[in-house]
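Each of the two complexes below includes subunit A, the first together with subunit B, the second together with subunit C.
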Partner chain A sequence: MARSPRSDDERSAESGKRLAADGGSVSDADGRLSDLTSFFRERPRLRTLAIAGPPYGLLVFFFAIPLLAMLVVSFQTDQIGGAWTLGNYVDFLTSETYLTVVWRTFLLSVQVTAIVAGVGYALAYSIVRFSRRTTLLLLLVILPFWTSYIIRMYAWINILQSDGVLDSILNLVGLPALSLLYTETAVLIGFTYVWLPLAVLPFYASLTNLDADLIEASKDLGAGPIRTFLSVTLPMTINGVVTGVVLVFIPTFGSFITPRLLGGTNNVMIGMVIENQFKSAFNWPFGAAIGMVISVVVVALLVLATRLGGGLFGTGGETS
Partner chain B sequence: MSAIDSVTGPFERFAQAHASRMASVVIAAVLAFLWLPIGVLVFMSFADGGVLSFPPEELTLRWYRVFLSNDAALDAIVTTLTISIPATGITVALSTMIAYAVDRYVFTGRNWLQLLSTLPIIVPLVVTGVAMVLFFNGTLGLPDYVSVVIAHVVRTIPFATLVILPTFISFDRGLEEASKDLGADEFETFRQVTLPNVFPGVIAGGLLAFTLSFNEFVYTYFVKGSGDPTLPVYIWNQIRYNVTPEVNVISVVFLAVAVSMVLAAVSLTRVDLIARR
Partner chain C sequence: MSLLRVSGLTKEFGDLTAVDDVSFDIEDGEFVSILGPSGSGKSTVLRMVAGFEEPTEGEISLDDVEIVGSPPFERDVNMVFQDLALFPHLTVAENIGYGLKQSGVPADERRERTERMLEMVRLEGYGDRAPAELSGGEQQRVALARALVNEPALVLFDEPLSSLDRKLRQHMQSELQRIQLETDTTFLYVTHDQEVALAVSDRLVVLDDGEIQQVGTVEELYEAPASRFVADFIGDVNAVEGRVTAVDDGTIGLDVGDGEVSVPRDAAVEELAVDDAVDVCIRPFLMRAEPAESDRDAVDDANETFSTTGVVRSRSYQGSDSLYGIETDRWGRLSAEVRSASFDVDDRVAIAWDAADVHVYRREGGAPPSEDGGA
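Here is the complex of A and B:
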């Protein structure tokens, strides 16, 4: 590779290389690579660029710019490159059907988030405070998260469909069948099932980082377990709670798989409307506009969460 | 204060007396909720009668044989692997670079790099999926295969970085100083000192990236045109249009891949690294 013309600086690097070469493990290829590294060492900015540049570039070009492209397309008429228009937004925001869908999506997301936060926090608290086999339990909780999302939904189809596993069991003990598939309950169960492992992680992290002495101090001062929880534990772990809430609410709000597979025709969510624009209606700019509507909700929530002190970067680990 | 105490008192005493037992009940109930559906799925893959009959009359390996002679399903696995393997390689390289840069260097835009490598987790998949199909297919006109691999890289980078970065941060930099004092240059130090120390974390990040990519559905569904579905897309079509008991068998394949990958990753790092950062 290109040798540095600044041979004064080069010499020290060269001697370093020779020293290492005396160890006998440096081949020609290594030598050339060493030249390359000394070339970069003398140019720290270039070195940083060489290491941070490729991932930076990929994320900007293939993640950030597509999102901007979506913004641009959302202002075009019914095909990409069409005339500029506000029509997509006007159509969406004046349609009672779509606004109902957005409202329903919001309510469902709030319910899912509340259920998952409640159950997940109770689980994380139980594991951290009362169990000695934390590693095994945590592993058992997060393992389902790494299996296919669709498969996890399919498992619930098996269970909830009429005459499925649940109904058969109810039948065996003499109870009436529920036929829960294609109801809102099914959607809530499905979401709770997929997000619970994800939410437990930040709860667990913030609870582990909580100084146990504080809890002891609270009890020494005469507070019972419930007061200690409400006045010490919960406030001290609020960052983890906020992070967990964000991690559950946002993907629920944008979801289309769960309502499509488990929900009936009464449970249309906004993500399904987008899917429909791209997979059957083929009105991409309109789909892009709905994507922007979701993004606005998401950004608003993130701003709110940051105000409340959620750790966006740390997924909840930085409570201390 | 005492008025409040007199109301909460009985609850406090109850919580004090039964806290440990309640915790056990919560743990048992949630683990049952998480694992029973998976158990049902595995069990039903051996069921004779098919999807609709529970409990099954007889257990059989028939659906496994059907699966192994189903070219469409096997092709879907091959298609998935031709995407996941290169995507995982690229992701591991890029995530290691992110971890190295963020851990070592102070540079303008460092916070932006961290934000960018976290955001794909936060932006709803459907939004990014739509943005990608608009830009990759609409604006750039990239070939299907390239689009999908890039999409998988974007999807997996945040998770791989989440696992790899802590191993860099917890690594004792004194060892690197020692190596450099002994005359090794930066590349040699990286190869002979840093890399062996962070290697388990890098491998674990790769295993999780592969698992995620193997399961990836939403981006693929939007970005990839028709034809040659990946396994998750194949399953999606099966579930939506014609469910056969074979889907249960494919589910077991997914489970086996996920469980073995995650267990391998966990044995290489500490499980709470996935939770903490």
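Here is the complex of A and C:
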């Protein structure tokens, strides 16, 4: 961080003396604290830097620089430090196998997002509208976060596998076993379970901010429950919906643990391909290239979706 | 036939009875206000008429059709909400056209009727703006237009003017009256503000603690309040403690401290018996005051006049009148509204009023007498 032109320190020392002279009776700690505040009060630019510096620093070191490194690596042959090439991109974008995986990943992500958005919105709505135990219910919603993601996935393996918990229960009530593990359904269930709390929170936040009078006004003006939902409730909470959708869609598109553990080898997602390039095939440049393409695609999709959402509901995106 | 008929309306929230056996009628084209302090149940009555609350008991009929049980979107009633509840994600024109859209009015007609409404509330050219870009008074007009454009049988108002400053509120009051006449619509207005209620209404329903205190025209309520509560709530009133000493055909004899006065029989709305404790109420503007000559009562202490002397403790100038707070020798602090005379604080004055002008109410057990006369 850019600190300490000499004069700054001198001036702070001066103001410290002045303050000490002003308030002779203040304790040492108080004096030092007010020294510090007055030091920053007199230097608004330094203050801004001190506040904004650390988070921006973190972003640069842990996000911008790695991304840049990945971009650089993606243009190299499998000999890092060697020659430059566009070959990684060409290989990826011309391979039907990889593109099929991307397409399947996209479809699965859309399904997961739609399910989580639907269930999550209903859940958030019921917590806001019909419940007096809001805090308790919200706590229950986020409770699974206190257990490790991996452990929760293994729990699902236990539930979904052949002769697992689910099949045993079905067996007890006389229904045929499903053997869901290593199917797409298992992956959908796993994702829905993992992301639901993540979507419920922004949905809940936007729904609590929704003025109940607006719902009544809509009904008063002749709109039934469905019309009221579509023309008032949903547009007024579209910001929360977009946030929740983004929070679910992005990590789903890139994830590799859930599909590996619950989908096995039948349900390869692009995140698994990338991971494989880095960890097994040791072709970092190729993995980096796929990562870059996926990042661009996801960002483009999100921009498009946000625009579309805003356009569908007029000025709704600007409220709240 | 009444347009709205409310009978035996009762609403209980758990143990609390918010509205207790309320009945009143509204004629077509009337401007009726429900007036009451906060917590009196007035908004609950309105919300039951709108359909947002289900009554525990009682009936509400609109145009002779029972509407209890039908959802708000099926009632031919529109409401102007306290906080207006304009849709922030829609333009002014879309807000006004919202109800028409719901009832399937074609876009052309919708535009035309919205335009006509904007004209009616004097907001021509504001159609494309967002509600947030409008001033408080303009937003009130939009809310009004949004309710009126559907041409409902009845428009409900839930204290929408309470957030405005006095000047704007008075202006909106006269606008409400103008628009009510122009559209020939029936208005039911809920408020705690007696000034607004008196200014705009044809008739008032006074509510306290969920129960109707009185229903009548503004004049009836002001000149013949049915209870001490109504007298206090509608306009200012002084109260003097007394005890009934005699009741006959034409008069009631009252012991009011050291002295007896007889008041007309019709000063009391309820049957009084000898020894009843009563409040004798008088409007400040019906009191006379003149400089007191030494300590002697300047006003003759005849049997049909209340009179006392006192010291001016406060004075508030009110344009043509002044309102004096007077510490009287006989009845504690009273307020008198006097036109011509001019007194200063600490002046000794003699005040009096006619027995014909008072109202007498039986004092409820334990209720302490009002010291400052509710001024």
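In this text, the second predicted complex is superposed on the first by the 255 of 320 C-alpha atoms of A that agree within 3 Å, B and C clash if a C-alpha of one lies under 4 Å from a C-alpha of the other, contacts with A are read in each partner's own complex, and residues count from 1 in each chain.
Quick note on the criterion: a residue touches a chain if its C-beta (ideal position, glycine included) is under 8 Å from a C-beta of that chain, and two chains touch if they have at least 3 such contacts.
Predicted model, so just to flag it, every value in this text is computed and none were measured.
For subunit A, the partner with contacts to more residues, out of subunit B and subunit C, is B.
In the superposed pair of complexes, A:213 makes contact with subunit C only, with no contact to subunit B. Of the two partner chains placed around the shared chain by superposition, subunit C is the only one that A:232 touches, whereas subunit B remains out of contact. Touch criterion not met for A:115: it reaches neither subunit B nor subunit C.
By the touch criterion defined above, A:221 lies against subunit C but remains apart from subunit B after alignment on the C-alpha atoms of chain A.
Applying the stated contact rule after C-alpha superposition, one finds that A:131 touches subunit B and leaves subunit C untouched.
With the contact threshold set out at the top, residues 224, 227, 313-315 of subunit A are in contact with subunit B in one structure and with subunit C in the other. Per the touch definition, subunit A reaches subunit C in the complex via residues 211, 213-214, 216-224, 227, 231-232, 235-236, 313-316, 319. Partner subunit A is touched in their complex by these residues of subunit C: 50-52, 71-73, 77-79, 81-83, 85-90, 98-99, 102-103, 130, 146, 150. On the subunit B side of its complex with subunit A, the touching residues are 8-9, 11-13, 15-16, 19-20, 22-24, 26-27, 30-31, 33-35, 37-38, 40-41, 44, 51-52, 54-55, 94-95, 97-98, 100-102, 105, 107, 109-110, 112-128, 130-136, 138-139, 150-151, 153-154, 157, 162, 182-188, 208, 211-212, 215, 217-218, 222, 232, 235-236, 239-240, 243, 247-248, 250-251, 254-255, 258-259, 261-262, 266, 270-272, 274-277. On the side of subunit A, the complex with subunit B involves touching residues 13, 15-17, 19-20, 26, 30, 33-34, 36-38, 40-41, 44-45, 48, 51-52, 54-56, 58-60, 62-67, 69-70, 73, 80, 119, 122-123, 125-127, 129-131, 135, 137-144, 146-159, 161, 163-165, 168, 193, 196-197, 201-202, 204-205, 208, 224-227, 246-247, 250-251, 253-257, 260-261, 271, 274-275, 278, 284, 287-288, 291, 294-295, 298, 302, 312-315, 317-318.
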